[in-house]
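When the chains are written out, they are named A, B, C and D in that same order, and each has its own residue count from 1.
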Amino acid sequence: MPPLLDALLALTMVALAASALLDRQLVRACSWFVAFAVSVALTWWSVGFAWLALLELLLGALLTGAFLFHALDVKLWAGVPRRRLVRWRDPVPLTWRRGLLRLLPALAVLAMLGMALVSLADSTGPLQVSGLVLIGLGLWAFVLHRHLLRRLLAFNIIGTGIFLILMGLVGEQHPAAGHGLVVTGLLVALFGTALGALLIRRLSALEVRSAHCAAGAERGGA
Amino acid sequence: MMPSLLLAVTLLWPLGLALRNVLLLVVENGALGRPGPRPALLDYWWISAPMPALLLALWPGEAQLLMEGWLLGGNWQLDDGRRPWLLFSALLWGLAGLYARGYLIVEQQAAESGDGDAFRRLLGFALLWPLTLAGNLLLIVAEDIPSFYLGFALMTFAAYGLVVHASNRDAHLGGRAYLIMAVLGEGLILGGLLWSAGTAQVLTLTELRAGIATAEQGAWMATLLWLGFGVKAGVIGLHVWLPLAHPVAPTPASAVLSGVMIKAGLVGWLSTLPLGATGLEPLGRLVIVLGLTGALGAALYGVIQRHPKAVLAYSSVSQMGMITTLVGVGMVSPPLWPGLLVAITLFAAHHGLTKGALFLGVGISEHPPRLPGWLVWLLLMLPALSLAGAVTSGLATKWTFKELLYDAGHGALVTWLSVAAVGTTLLMSRALWRQWQERGRYRIPLHAPMPLAWLASIVAASSVPLWLPLAGRHPNWPPLAEWPGLLWPVSLGLVVAALMLLATLRSKRRWRRAQRLLPGDLWWWYAQLASRLLSLLNDLAEAGESRGSRLRGRLQKWETRATATISELPRFERSFRRLAVPLMVGVALVLLMGLWLG
Amino acid sequence: MSQAWLPLATLATSLLVVPVIFALPERAWHARTALNLGAAVIKVVLVALMVWGLYQGENYRFSFTVVRDVTFLLQVDALGLMFAGLSSLLWLATTVYAIGYLEDSPNRKRFFGFFSLCVASTVGIALAGNLFTFLLFYELLTLSTYPLVVHRGHAKALNAGTTYLRYTLTGGLVLLLGVVALHVMVGDVTFGEREILADLGPEAHGLLTVLFLIMLLGLGVKAALVPLHGWLPRAMVAPAPVSALLHAVAVVKAGAFGIVRLVYDVYGIGLTYQLGLLTLLAVIATVTILYGSMRALAQQELKPRLAFSTVSQVSYIVLGISLFGPFGTIAGLVHLMHQGLMKVTLFYCAGNYAEELGIHRIDQLNGAGRRMPLTSIAFTVGALGMIGLPPVAGFISKWYLGMGAVQANMPWVILVLVASSLLNAAYFLPILYRLWFRPGPAHGVGEWPEERHLGRFETSGWLLWPAVATALFSIMAGLFAGLPFSPLDLATFVTAEEYTP
Amino acid sequence: MIERLGGDFSVVLLVLGLPVLLGGLAACWQPRRSWPIVAFSLLPLLALAGLFYQVLPQGEQTWLIELGSLTLQWRANGLTLLLLLLTQVITLSSAAYAPAYLMEEIGREGKQVWLWPLQGVLATSLSLIWLAGDLLTLYIGLELMGLAAVGLMLLPGRVDALAAGMRYLLLALVGSLAFLLGVALLLGAWGRLDLAGLALAAEPGMVLWVAVALLSAGLLLKAAAFPLHAWLAPVHGSAWTPVSALHASLVVKGSFFIALQLWLVLVPEARVAAWLVGGLGGAAVIWGGLLAWRAAKLKDVVAWSTVSQLGYLLLGFSLLIGTAPQVAEVAWEGTWLQLAAHSLAKAGMFLATGNLIYSTGESHVRGLAGASRRMPLSLLSFGIAAISLIGLPPSAGFTAKWLLLHASLAAGYWPWMAVLALGTLLSAAYIFRVFRYSFVEDAEPLDYRRVPWSMELFALMLALASLLLGLVAEWPLMLLRAAGGGS
């Protein structure tokens, strides 16, 4: 595989991750994320981990995406009603100050990882670099956002970054151990996302109910 | 065997009698609370309390009782040194007991017919009298220090109940003075005993005396002990309880207080101080000075008292001052001691019985027996003259020690003592004068206990030198040539007394001023000093307290503030929660630094 | 391990009673009373058996390893047995008293449960064979007394309980630090193995001194040494039997006993003397004695006055220990028991006055001697004993203290003794005066604060007889001090063991 | 597939599998009484006994499990046995406590069915962690445990429970990511995951340090070490009682166990870093104690006390790593004893707290006013557990503290003594604050509900176990020594 394509793939992946993380429209962000997962699968494929690509496609893109949309109560076959879009928007605005301040932990982790990777011989493959960028982005987003779904997305992207670094480091020498770890990680990420999605769904339902109750009580009081 | 048994009985009998009264009450359940007739308390059994002691004193031969389990090892004994003391003490206790039965007859009748209060007071008297007696006897026969101290303490504290018997304001004041001084004395004695016995590592009095004589700090131990017993013996300065307590006690109790119990102080000196050994000369000089001061000062102050018993009490202080002087002489010149001991013993017995007779006489003058008036007053005067040294036992006593002192070259002392005798004469005149002024009209039968006991006490007092079993040489009567030398103080005293009487009758103004000098002299001054000290202490304590409470308040405020701060801590929890991931990264960084450092 | 069951059984008599009492319903008065009394009597018998055995030269020991190098060790020696004997005897008396005292009051089940636990820990302290075991029961004592102190449950009691805990838990902690440090230094020190520390040599002396001070600080809290005594007067809000127990046997004595163990059985009197710590102890004791008496003088209520008197009296024990020489030791040990007897009597009596007549203040006591003669006689005996007058037991203690002072070449201690006796007299005699010589409600002057007629006698028999019995014991302990098996005899026995190498 | 180095592997499989199996069974059956649970729980205990029988005579045993080209390594030694036993006992107690609790207190609310299988998974995952000999197994165990724990916490289904649970979930996931990152570095650098091999291969260097730092940070977050503890108290505040008991006593210990294992294997000489962890522990002791002291709700008091007590365990780091062998030896025993003591005591205390709340209907400390009048057994259980938490004799907490004090003195770590002392005082303060309320006599009489006997029984049993363990502490420690735990 020519390095150009490689770089392009990595760039796409990072761009997709960034859009998934930065889009305040949650439905759109989730869609970006699915696209991101597909690009990750492509990456796996391109470096020769076919099994991982398949798993990523299945678990990362399909199931995780499904759960994410479930959390938003979006039915793919039922179109998007415009007026409810507001609810799927993260209302917290992003300020520069906050953004920069929250960048610090991500930078710290990147620095640590960088130091470690530099001291490891022949470890600066494209996978590692894109993994590092993903970790940085994800961590920044995780720390920055309050919305649970966005944090969930950030978590998934950090995870992917870690998998990339892992496989990049392990390479062909110890594929079994690396695979084992990544598969476990993928499963955990899926379960975590599923649990989180269900929780988000339930929480918002409870909130709506309590809001209704409050409104009802107000009306009753008036 | 028999004597040692008797020794035990001597102590147990009074205790048994005291217990008998309690048992009687228990048998007649509720006698204390219910109205109606009650058992007689002061019956003849009760009077018999000192009888075994009397018997023991007259029993020939020495007696000893060793008890392993008693306190730290009991050792009671009767030897020739103790016999006269036991004899005259028991005798006076017996006579006073008999007298008490008559003296308290009114209360007894009231109690028997159902007066609860009278009964209760009488019960106290009936219980504490034998207890005091037991203590007194124990301190005489005890050879081991704990028993001796026990006897002393028992006598001291039980006698408090006798002093406050009347339960009025004066009685309580007298009682308080008595108790406070007694406790101070006990403290000094305890300190002296512990120190000396600890140094010598002994448990018996004989060894204790030897120990003090050889101890390095012996003089100081002796001083402590001398002061401690001095409270009881009425040493000037420590005597203040005597004139306060004696007048308020019932007359028989005053008699034993003044006759026997203050001698306990003397017994204490004789038992614990290494008299006859060298090393106490500085103390001896002090003792002589204090003794003479007491002898003269008490006479001067006593003369202006109104209550006959107060006058008699001052006379006791004065007389004890003379005995103290003799003890002091013993310290200054040890070789004289064997002779002095005889003189002191004689003096003590003479003064004890005579003073007893005088006190009993106070009651007699209030309730004269059916005798011709002149006879009664003659009999009242007899012990007074004897005490002044004019007749009978007083004359013999005075001669005994004067002879001794002259021979040893203490002429000046004799003169001073004679001056004190002038004072005694004055006191006696004053006491009799006051008795005359307050004489009673109601006459009681001659064969009642009171007159009998009184008469017996006069007889006993007059004949002391005849029957007192003194260990050393027997006292002899003074040759006729010496009589003027012995009698001039009395004569002079009588003249002065007469002059003063005339002066009193002439103008009354001067006297009124003197009347303000209350009995107890220094007591009032002490009380003032003590109260001032106490208020000072109180102020100090309050200052400390307020500082303490301020400190406590500050601490509390600090604590409240700290608690409030801690209560605010959960605020930080929110940041911890929000910043969990950055914090985690921070922890990782810190750990990395740590690992990097080694 | 000969006859290991005896100390264990002694401990178990009161320990096993606890769950049974908790299991019994609140109403089961008879069962609980029988259980309490039965256990108390059995314990007295067992202790008597051990005393007898000890005189026969028997050796009772029970041990097992807790963690590495740390053993739980119950061991019977004369000193421990003395304390065990005292606590078992007084437990019997106090049980009787408490049964009467708490009649018809709530929470009796809870009370007796913790009461038994408290005694179990006291016996444990007595029989402990090393510092670890001692510490174990020492802390257990703190725990079991807390519910007793706050038993009444009102704000004052709860605050007192908090104060109590603050002091004792901190003290226990400090003690723990000291004990662990000593353990790190030399390992497990069985009581009586005094040579271990003595053999360390002079270079360890500095550290040993510091450790001694730390442990003294820990023990001093319970022994109520000034200035660590603050909890004691406040703990007076507890019911009378608890105060009696706290003051006479359990807590205060545990502290004093701990100091005795520390000085004699861990460091050894020789080493302590060598380190110059005895003088320090003497000074602390002196300050405590005088300060406690002064404060007692200022109290207007009966129980606080007795409490400060305890502060003062317990330090006699410490003072005795600090006097180098057999006499001082005898004095300290014998006072351990004498003070227990006398103080328990005083507290019973104070409780009786409060229960029968509602009296709490001293000026309400006027004429109470007429209304309650036996109680008042018992009180008088206790008070005179505290002053140190013969023939009550206090005199014996004071006598030996004096002897010991001279022997240790510290005659100034006698001055302290005299001053303390005078102060004691100053705060006890006025009470006696009011009891016996002041007219009061019994003479028709005024009336009692809250009179109840609790029994056929002057008050309930459950309350009266323990007081009379302990008063009688106090007199007998003094009067027949020379007899075998008297406290003095036991103390002499212990001391003989201590000073014969 | 399985290479036998040690004894019979089926026993291990039974120990691991039976809890899940029984959990599944219980989910189908929904037990209504305690005795069937106790009866069935004897099965894993029997299996464990079999493992004891294998390991004790022969010392440490290792099994290699080959899944294709992947090799997993499990091992069992004295420490494993001790922790397995602890896990089984506590799981059993909380499971046996549950039926009555669910019936009486919870009623129809929440998703009760899930309680059983999740408990089973939790027990299995914990056992897996104790048994694991390589990082992959550890990772699997850790993740399983975390997810099961989150699931259990979410069961009440109320808003506060869900919000706290969500936070817990996210943080747990991040923690495991950090762990995974560290593992990735280790694998990348030395190409192996088995601990024994890594111990030999790992060389100090930036990679190792970064890896250990990341690993530890993640694990400390999961172990609720100060200052990463913030998720703990809210989670417990709304969780079910048996779940709280299980979580506080075991789950947090799992992460601690892994962290300590890895440090001992990878950086056994990192004195300064271990000191820093110890410092965090000290801060946790004090911070947790202070907050527990001021907490208004009964469950919060207990939860905060967990934070405080975990601090004692973290002190163990500094005493075990880079210290002289004799210090490490004492500290080793002290740390595990403290872990066992705290597990038993905390489980007992949570159950007792649940009972108190159940019987008084009050969740606030103030609500206990006058509770001791009836002297409910639960208060006694609470008290007994508290003795161990404060560290008063004769409890296991005391013995453990003795050992830790011993170790810190021997190592010359004076500040730790101060921390231990202060921690003791603070724990006494928050415990006796509760008791103080219970002794209030002039409070309004509460109407008490009778607590079902099974709830009382298991609370008391756990508390008593923590108390008596102090006197017989030599037994578990002998286990540590006999079958080797390596330090």
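Simple rule for what comes next: a contact is a pair of C-beta atoms (placed from the backbone, for glycine too) under 8 Å apart; a residue touches a chain by one contact, two chains touch by 3 or more.
What you see is a predicted model; the values in this text were computed from it and never measured.
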Farthest chain relative to subunit C (centres taken as mean CA coordinates): A
Interface with more contacting C-beta pairs, comparing B-D to A-B: B-D
Intercentroid distance (Cα basis), subunit D paired with subunit B, Å: 78
Centre-of-Cα separation between subunit B and subunit A, whole angstrom: 104
Rounded Å distance, subunit A centre to subunit D centre (Cα mean): 32
Computed distance of Cα centres, subunit C from subunit B, in Å: 36
Per-residue overlap in subunit C, given as positions that touch at least 2 other chains: none
Residues of subunit B whose C-beta touches two or more other chains: 581, 585, 588-589, 592
Shared interface positions of subunit D, touching two or more other chains: 174, 209-210, 213-214
Set of all touching chain pairs, with the criterion as stated earlier: A-B, A-D, B-C, B-D, C-D
List of subunit D residues in touch with subunit B within their complex: 167, 171, 174-175, 178, 208-210, 212-214, 216-218, 220-221, 227-231, 233-234, 267, 269-277, 280, 287, 290-291, 293-294
For the subunit D and subunit C complex, residues of the former touching the latter: 330, 333, 337, 370, 372-373, 375, 380, 387, 392-394, 398-399, 401-403, 405-406, 409-410, 417, 421, 424-425, 428, 432, 435-436, 439-442, 470-474, 477
Footprint of subunit B on subunit C - complex, ascending: 294, 298, 327, 370, 373, 384, 388-391, 395-396, 398-399, 401-407, 411, 414-415, 417-419, 421-422, 425-426, 429, 433, 436-437, 439, 443, 478-483, 486, 488
Contact set on subunit A toward subunit D in their complex: 109, 112-113, 115-116, 118-120, 123, 135, 142, 148, 151-152, 155, 158-159, 162, 165-166, 169-170, 173-181, 184-185, 188-189, 191-192, 195-196, 199-200, 202-203, 206-207, 210
Interface residues, subunit B side, partner subunit A - complex: 581-582, 585-586, 588-589, 592
